[in-house]
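Got some structures for you, see below.
The two complexes that follow have chain A in common; it is paired with chain B in the first and with chain C in the second.
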Partner chain A sequence: MRVEYINPFVEAAFNILTEVLKTEVKRGELYLKSSSMPVLGITAIVGLAGDVEGRVLFDMAEKTALEVASAMNGEKIDKNDELAKATITELANMITAQAVTKLHEIGFQFDLTPPAIFSGSNMEVTDVAIEALIVPIQTTFGKIEINVAIREKK
Partner chain B sequence: MSSVENQTQPAVDVQEQQEKKAHIDFKMVTFSLAGRDYGIDIMKVKEISKAKNFTIVPNTSPYVEGVYNLRGEIISIINLRKMFHLEYSEERKKDAVDILILRLDETVIGMIVDSVDNVVGIDSSTIQPRHPLFADINMKYISGVVEVKKKLYVILDVERVFGVDEDDLERMRIIQEAPAAEKGPVNKARISGDELEFDFITETLATFKSFYVTDINRDWCLRRLDGWKKLRKTQKKPVQLESVEDAEGFLEEYYSVYTNMLWGEDYRKQMEELVPAPTKGSIDVWCPNCGKGHDPYSIACILTLKYPDRRIKVWASDHELLNISAAPNLVLPNQGVPKYFLEAKYVQATTDGYQFVKAVKDLILFEYHDILHGTPLPELDIILARDVLSFYNQTVQEKLVTQFQEKLTGGGLLIVGDNEVLKNPGFSEVKSGKIIAYRKEKD
Partner chain C sequence: MKTKMDFPNINQRKPEGLREDGKAFRVLIVDDSMFVTKQIGQILTSEGFEIAATASNGEEGLEKYKELYPKVDLVTMDITMPIMDGVAALEKIIEFDKNANIIMISALGKQDLVKKSLLLGAKNYIVKPLDRKKVLERVMMTLK
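Now for the complex of A and B:
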């Protein structure tokens, strides 16, 4: 993945999560992955188009998702209902949008697709012929993994 | 192939042959391996068998396929192709394979071959001495060559191949690989010691620096070991590498000139001589594992100077996030910039040092990317992989070279490190000064 794309995503994720969760947020070591990886439980996906093609996944355990949704809404949410899903969707949107704005400032034009949410157990995601950058973020509610796969359009 | 009977009966063509057939005093079992015919003294062969599903034994040499229960007797099975480093496809394992079971003094050993052919009787005086031309396998394992009915058989000296009395396979390998058998026991110990020492260095280089000694760099390593020994003697330190620092010291002379530096004027001239004349409107270059980006910047500038009317495109990648993140905004110390970069105005002075101008940066796309994950790129004219291959193990090296070959256009150039050697077919070596490069042969 193009080096210039990395920082905007990492920064956006860090900024937004710190802001909305109001707790301590720590960034783990970034790494690359090309094979299938398990999905933790609830995953939001945002597609990217424009100069590039790709997608961003926001992946977390259901427990983490519910606590994140509770923190963002200021009320206790204890099941994966419409509100919980809408909240996670919004979180994905906020992070991706901020990253894309930063990228726009340095001259890259991306468009976003509306986020979609997947939930279930024992799922895995496989990218064929594209490598994903994993940005693990540790919050007090649990781990959120941001998985970015972008490639240049030829 | 004719039957055993035909082979031994004298009723064949040439008269000369008939005479020879009259005194057959040597019979050999023949088999084929990688398209070549071999023979083994029949007195050494216990029986011929077909088998599959060997029991794998952990921690054995890679050519030991496992053990096999031969009617109650447990025998080791050796894969001859692997032992002689001939190409071997794991696919073959599924079917029963031909095995020659040999009796060597007390030991019984099974040897997987491609196919067992026949028994051929010959007059031992027709056996000719071994010849270096047949050295698909190591010369020292060959006891002679014989021609029977226009077919050439290489006669293997199994005693030498499998050793005589070793039950420890690892020890056996070391002793066999040294040409000790001809030199007597005193020499034997010394050479095995050297081999061990080299093996140990090989192991530690892999552990400390993930530097893998293979055909690509073995010659350099052997040369370096001599110098290293002298150096360590004067420093009164052991030859073996005990830490990352030692390993780095050993590899100090390995790196190509202008590593982590922009290429000087001399290197530029040599490189200009090598680069293929463009066949289309653009020149596409790939720099896998480019570190902080000195190589991609240098090649981009050199190509732009030489072919100002072509579109130059350089893909540069590295799997070290820290290195590659620094690459797009590489800052060069004021002394570290060769003149031609300044004259062509490829760099501009900033408060920290020189930086490349946007026009140059736009030629290069830096990616955080692991080349083991496969790289989708268009057909390339140049692959610049200096000191890249040696840091991957043998299997990966082979895969990468194949990948490089596939990605290069016909006549395209693969540039490896100053101390790296490729022996792959399909590439022809070209040299210019210190630079060793490989031109992909046109289809």
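Now for the complex of A and C:
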């Protein structure tokens, strides 16, 4: 997978998280994942289809998701309820919109699916056909992994 | 000798959400995200605005606008929504009330739809992520 696909997502995640969390955000080292890997707990998924196809995951532990949702709402959210899910969905929407704008500007045309949230323990994600690149983003609330698997459509 | 003087209280200002007569501006929020609805609601109520109603898609937004009319001063309208999107709802509300004050709430990258909305009669737009300053600035610009 070309790194130019992932950079807009990492930049957008960095910009949006810094803006909405009003806290220090650090980008970790990019790595290539093995075919299956565990999911941290609460994950937003956005699908892409067009000149390029694949999916982007925004993956974090439940504790991190609840703290992020609390910070974004300005109030304590201590369970993964409708508001928590709506907040993480909106976070994924904002990051994806900024990244996709950048990708459209450099000439890639594709559509997105609305984000879906899945949550639970002992889950893993497997990409058989597309390799995934992961960039961990460290926030004061914990780690958020941006997991991007995109390929050019044949 | 002490002289009693009346200074105007510079720390007290009229909340932005109140008209000259002290009544609150009434707002309809149309957005499919519970988070965004709550965020806009919190920002506006903290300035004295009244949230007259909320709707989670364009069709519901249009119905609520007609129900509230003429006691509705402002609509915040998300662009991407299920059933009826924000641009279609805007068009129908403007057909019903050409003076409607509608602000489009847009994700980044929807410039074409924002432009179309402004041509169709939207008064203003805000690009997400939202914050207090951005929302109040655009709302007051629209109501003045």
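In this section, the second predicted complex is superposed on the first by the 152 of 154 C-alpha atoms of A that agree within 3 Å, B and C clash if a C-alpha of one lies under 4 Å from a C-alpha of the other, contacts with A are read in each partner's own complex, and residues count from 1 in each chain.
Here is the rule we use: a contact is a pair of C-beta atoms (placed from the backbone, for glycine too) under 8 Å apart; a residue touches a chain by one contact, two chains touch by 3 or more.
Worth saying up front: this structure is predicted, and the values here are computed from it rather than measured.
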Combined model on chain A: chain C and chain B, fit or clash: fit
Following superposition on chain A: angle at chain A, chain B versus chain C, Cα, nearest 10°: 160
Which superposed partner A:D111 touches (first chain B, second chain C, both, neither): neither
Partner chain(s) touched by A:R151 [first = chain B, second = chain C, both, neither]: first
Which of chain B and chain C A:I6 touches, first, second, both or neither: first
Touching partner for A:L32 - first (chain B), second (chain C), both, neither: first
Partner chain(s) touched by A:D78 [first = chain B, second = chain C, both, neither]: neither
Chain B versus chain C as contact partner of A:N93, first or second or both or neither: second
Chain B and chain C, minimum CA distance [Å, superposed model]: 25
Touch list for chain B against partner chain A, complex: 319, 321, 324-325, 327-328, 365-370, 372-374, 376, 378
Residue ranges of chain C in contact with chain A within the complex: 33-36, 38-39, 42, 107-110, 128-129, 131
Residue ranges of chain A touching chain C (in the complex, touch as defined): 16, 19-20, 72-74, 82-83, 86-87, 89-90, 93-94, 97-98, 100-101, 104
Complex interface listing, chain A residues touching chain B: 1-4, 6-7, 30, 32, 34, 129-131, 133, 151-152, 154
